Amino acid sequence: VTRRGRIRDYGIVIGLGTPGKCNAITDVEGVRVGHVTLSKGEGALVPGKGPVRTGVTAILPYGGSPGSTGLSCGFFVLNGNGSFTGLDFIKEFGLLESPILLTNTFSVGTVYDAVISWMLNLDKDMGTRGEDGLPVVGECDDGYLNDIRGRHVTSAHVLEALQGASVGTVPEGSVGAGTGMTSFQFKSGVGTSSRVLPSEYGKFTVGVLVNSNCGKREQLRINGQHVGPKLRENMTARPAEGSICVVIASDAPLSPLQCERLSKRAALGLARAGCQANHTSGDFVICFSTTRGIDKAARRQKDLLINTFPEVADVCMDALFTATADAAEEAVLNALFAADTTTGRDGNKVIGLPIEVVTALVRS
Amino acid sequence: VTRRGRIRDYGIVIGLGTPGKCNAITDVEGVRVGHVTLSKGEGALVPGKGPVRTGVTAILPYGGSPGSTGLSCGFFVLNGNGSFTGLDFIKEFGLLESPILLTNTFSVGTVYDAVISWMLNLDKDMGTRGEDGLPVVGECDDGYLNDIRGRHVTSAHVLEALQGASVGTVPEGSVGAGTGMTSFQFKSGVGTSSRVLPSEYGKFTVGVLVNSNCGKREQLRINGQHVGPKLRENMTARPAEGSICVVIASDAPLSPLQCERLSKRAALGLARAGCQANHTSGDFVICFSTTRGIDKAARRQKDLLINTFPEVADVCMDALFTATADAAEEAVLNALFAADTTTGRDGNKVIGLPIEVVTALVRS
Amino acid sequence: VTRRGRIRDYGIVIGLGTPGKCNAITDVEGVRVGHVTLSKGEGALVPGKGPVRTGVTAILPYGGSPGSTGLSCGFFVLNGNGSFTGLDFIKEFGLLESPILLTNTFSVGTVYDAVISWMLNLDKDMGTRGEDGLPVVGECDDGYLNDIRGRHVTSAHVLEALQGASVGTVPEGSVGAGTGMTSFQFKSGVGTSSRVLPSEYGKFTVGVLVNSNCGKREQLRINGQHVGPKLRENMTARPAEGSICVVIASDAPLSPLQCERLSKRAALGLARAGCQANHTSGDFVICFSTTRGIDKAARRQKDLLINTFPEVADVCMDALFTATADAAEEAVLNALFAADTTTGRDGNKVIGLPIEVVTALVRS
Amino acid sequence: VTRRGRIRDYGIVIGLGTPGKCNAITDVEGVRVGHVTLSKGEGALVPGKGPVRTGVTAILPYGGSPGSTGLSCGFFVLNGNGSFTGLDFIKEFGLLESPILLTNTFSVGTVYDAVISWMLNLDKDMGTRGEDGLPVVGECDDGYLNDIRGRHVTSAHVLEALQGASVGTVPEGSVGAGTGMTSFQFKSGVGTSSRVLPSEYGKFTVGVLVNSNCGKREQLRINGQHVGPKLRENMTARPAEGSICVVIASDAPLSPLQCERLSKRAALGLARAGCQANHTSGDFVICFSTTRGIDKAARRQKDLLINTFPEVADVCMDALFTATADAAEEAVLNALFAADTTTGRDGNKVIGLPIEVVTALVRS
């Protein structure tokens, strides 16, 4: 197997903006990503045994402890056929107080519980002091390739993903929660991209990470070219259902309402790649700001009656919107470019995007 | 007719908190209220002629020009059977850039247009510079007493309400938009109340103004006592439909999310007075903060990339919630106490709350 | 300890309507409730050991298999400081395809996972056929009495609650998820109530079940009487934070929008009991209809292009609203009346409502 | 001036589906569209005098009287920087009981009031019987070309648009509310398109009409080709602000939730044309079904406790989504293709899309 490059490596450039150093969500300072990939076994499905094609991905939005800081946060549900825990707290307070975990549909409970364990370990007073502990966990269905009924993600895997999360380059494709993903009836998984705004707009960075599991072959568009209908070979038998989880990070000081606005623009970027939010797809977008938060201790201080928050000015919004949409589109495509052909349970096979064919189509 | 006092004048005290100086929304510094009351004619309805029992009420949220400042704002729609224009802008930006106007259902267009006129007069660049001008107008149906088809509110009336808006005591009952209102099958109209928080919570003031047109007789509760079922006499024939518009002002620096939270608590206060948000009632609550705003010029300044906003701390929220619920409950009751028996079109008569009977019931 | 009656046993009647046979959510045909109560140990908190004062409550909305039917469903989040999984699916499709589970805050993951297990057992194709399996789990914080960090609810407990769920009388107070609840700084827990509409409104039944963990002492109102301020003794030291989960069932064929509307009216009923949705309270209301659903097989049938649904007519809505608000208010009070004084971890003691004192106050 | 064709006339085909007979919203049986175009005067702006470049467009969703029927309806607000009246009623009841009117930002009040007049004329009991009359009016800002401060749309114009509404071909471009619109810094206006589903999905028709006033030149994409950056000539000086109003009609029996779902997919179609929902854009999408409604008389009938509604099955949803997204994309492009260069107030000139240049770019 030859190494698969990112879409930009093939001279296909999404939008007009400039990516950050790693062209990844980790270009936003302090954001870390950790994957645990579970892939073992071949052949017929034996629920509980395998084959296993799944994993967990952790996005840590802060350098420090999640027990100490809440970050400004908002979200947009493009299609609600899925589960993304913790959103009601975010809607009420505009704060993210949990890492964001991505996994398969049936492992949400395990992952949720493991995040509680992780939080309890960081904060010895949690639970005796008052309410706390509302993990943010999103899911996609990898049951076409994975023994999803077997729920092979364990608490230990979650802790490993959280503890191993790092800055810098983010592995893409069939890794972490992306291990069993399919998009446009091609193998897909995790993808990421970023943009840095020009100095007149504060040089803010926007990073996007997707776990992409959505789309029918005929819907695929690459840099706007509607190539899907020309790529009818090797389509998976399974109805091309799925979900997509999108995580946006920025060092612009976004208010909760602004986070929600960026989340909607990510959906517009997805649309340009052909995502249509099909009926059975759970399409969730969440956005947080690393520079507009509040220390939990400050939240509980009794004699501090007024806090002060920065908020990015209106003049930057269009540039932030473009950055978000472009990075979201590129992240979906990076996931496709990165993911190689995978055979999973019952010999179900999902082919990787035929990069040469596709790049030729796009350039023609 | 003897003068009708406010509920507190009869020794009935809602909640444990302390009202402001006027026990009115105008206790929040800078907030002004203006009424224009239209009442003329008797007898059979002649659409376009009368009898007229309607009006318009203006709440100006700022001392200065609405062309220059947007105030933090949020809302809650308890029951959407009505029209309250301008809410989508508020939801998107969390800003109130218009005065709030209340009137009858069929006069919304006229009032909307008159507010545009008023804005255009204040801001000579409005319209040539870019988008602007999204008036906030709420309505209640006064068609049981008023020739509502006649649409007797004119642009001049709206300007008069805006220009005549003042601080200090707010006339209640059958005034302004409240002229034709009915609640619990008693005459009702505008009511107001306020609370000042203790110094440990910053001495913030919360003021509430309602235009109350909701509730069936049997639903009425006064200071928690379910007196409605004991007051079956002189009920209006018309199904007790209607609406209620609730305006909350505070000098606490509330974020848009916090404004929405206070709006929900006002609904809880209404519930304690017996409001149930009946099927055909349009029940809208809007809340703004006078101390957390942004100058429009600042919004358009190109080299200011980050604004800074104050935000009241969590420690104050429960006190703000209690203040809001209590003031909303008292405002509904003040509207009933203030409004005298009114006969309108076709001899339709709505009796005023029989204060002596009611206070005796409550004290028993 | 003498047996504690329900509020109605003491001659205190909430509202004007008529309860169903059991005055419980189970009066709605087909609805079953199961509790597993975990109470063991005394003395100092040893996380992982105890003392344990927690549990799980299951509401099964259908007689048959949840694998086969989705029921019309809607919800209202009064205050989002909590977790209630599965709501996004309900918002998108207006369907409830899971039982509703209630437990403590830190056990959500375990319970979620256990419901998946239960679903997988009922539906052997789930997971290989396509997406499915989005459990609905709500939580309240019982950490003042319970070793919440110990997460003592196991998968077996959840299955026991689901399998043991039954029709008929519903145990109230310190049972199931209510074991460690506190409301108004009194011991509280599960409460339920129901109403049957008059025949002119179709004799529909509305049932409400709450797990009540909210309110400060001074906020308590019993049948509208603001008794809380007169009951200052034996208040728990802990800030009166918490949450309330409210489940509404009806055999009226409610559309998803109508379910959401009923959910808002439950909040109004809570308000009349003094619930104010304090800052740190997670207040969620969910409503489903047992007579407006769709078979999953029908949803997947390829040649059936149009389904047909019943929907209760507008003429019934006010009666349904009153029934919901009244039953919600009574359910909160029943929880207080049922729950006896409880001592939990670290000797933390929450007294039961002093029924005699309270009933005397209400009658005076 | 040569006649400008529609995009399809130039061999550029959006998506894979089949348009209806007129490739217009009027392909949905019973839907009618009426335009009144106001264009007079040249030269310097004299507010109140002109030049006038504005108008009003009416979409009548039913053949019969709006006084008699409510149609299933839902919406999506992509960016709330605008006014679209009547949405709260639609959210509460899922019903459209008004025609949909589009006009300029400052004429909303006049148009609202004119719709009330029109309704009152159709229904002589409206106003005396109970609440009613909540017009649906959307706006875009045409102040760059039009004397928007002059508010030249009159009540008579609105009635003319309503009464003149017709089936069949829909004039596009600089007509009706589209008269003063600008998109991507090209002249734009009204555009429309439709799709008919294959027979396996019931041959349902989806029609979309847009009033398009959004986008920066560099954002324009035509059939996915990012041509905007290559078309830098003749850009308007004004910041490319605006709005877009999107109306979706279908003869599929859509529930309110399904209408909302289609509305979101229209936004995805807009995205493919380059719409990014810029900061100052008010982007509203509304969708109604002509075959799932309820007669108002039925709504008020006291002895009919249960209604029955059809609802299109899940199996059709993806086809409906694709149809909606494709028709929305094509409608935006049709508006551009149809609208010719226009010079308005103060000599402000907005050039029409240079069709030959653009088609050459797209084909290359």
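Note that the chains are named A, B, C and D in the order they appear, and that numbering of residues resets to 1 at the start of each chain.
Following the convention adopted for this analysis, contacts are C-beta pairs under 8 Å (C-beta built on N, C-alpha and C of every residue); 3 or more make two chains touch, one makes a residue touch a chain.
None of these values were measured; they are calculated from a predicted model.
When the interfaces B-C and B-D are ranked by how many C-beta pairs touch across them, B-D comes first. Residue-number overlap of contact pairs with A-C passes half for only one option from A-D, B-D or A-B: B-D.
Seen from the Cα centre of chain A, the chain whose own Cα centre is farthest off is B.
Chain geometry summary: the mean Cα position of chain B and that of chain D are 33 Å apart.
Averaged C-alpha coordinates give centres for chain C and chain D that are 44 Å from one another.
Those residues of chain A in touch with two or more other chains are numbered 79, 92-93, 261, 314.
Here chain B touches chain A in the complex through residues 92-94, 200-202, 253, 255-257, 261, 298-302, 304-316, going by the rule given at the top.
Of all the residues in chain B, the ones that touch chain D in their complex are 45, 77, 79-93, 105-106, 108-116, 120, 126-135, 141, 143, 148-149, 151, 238-239, 241-243, 280, 282, 284.
Every residue of chain C that touches chain B in the complex is listed here, in rising order: 15-16, 78-79, 216, 218-219, 221, 223-226, 229, 261, 264-265, 267-272, 275-279, 314, 317-318, 321-322, 325.
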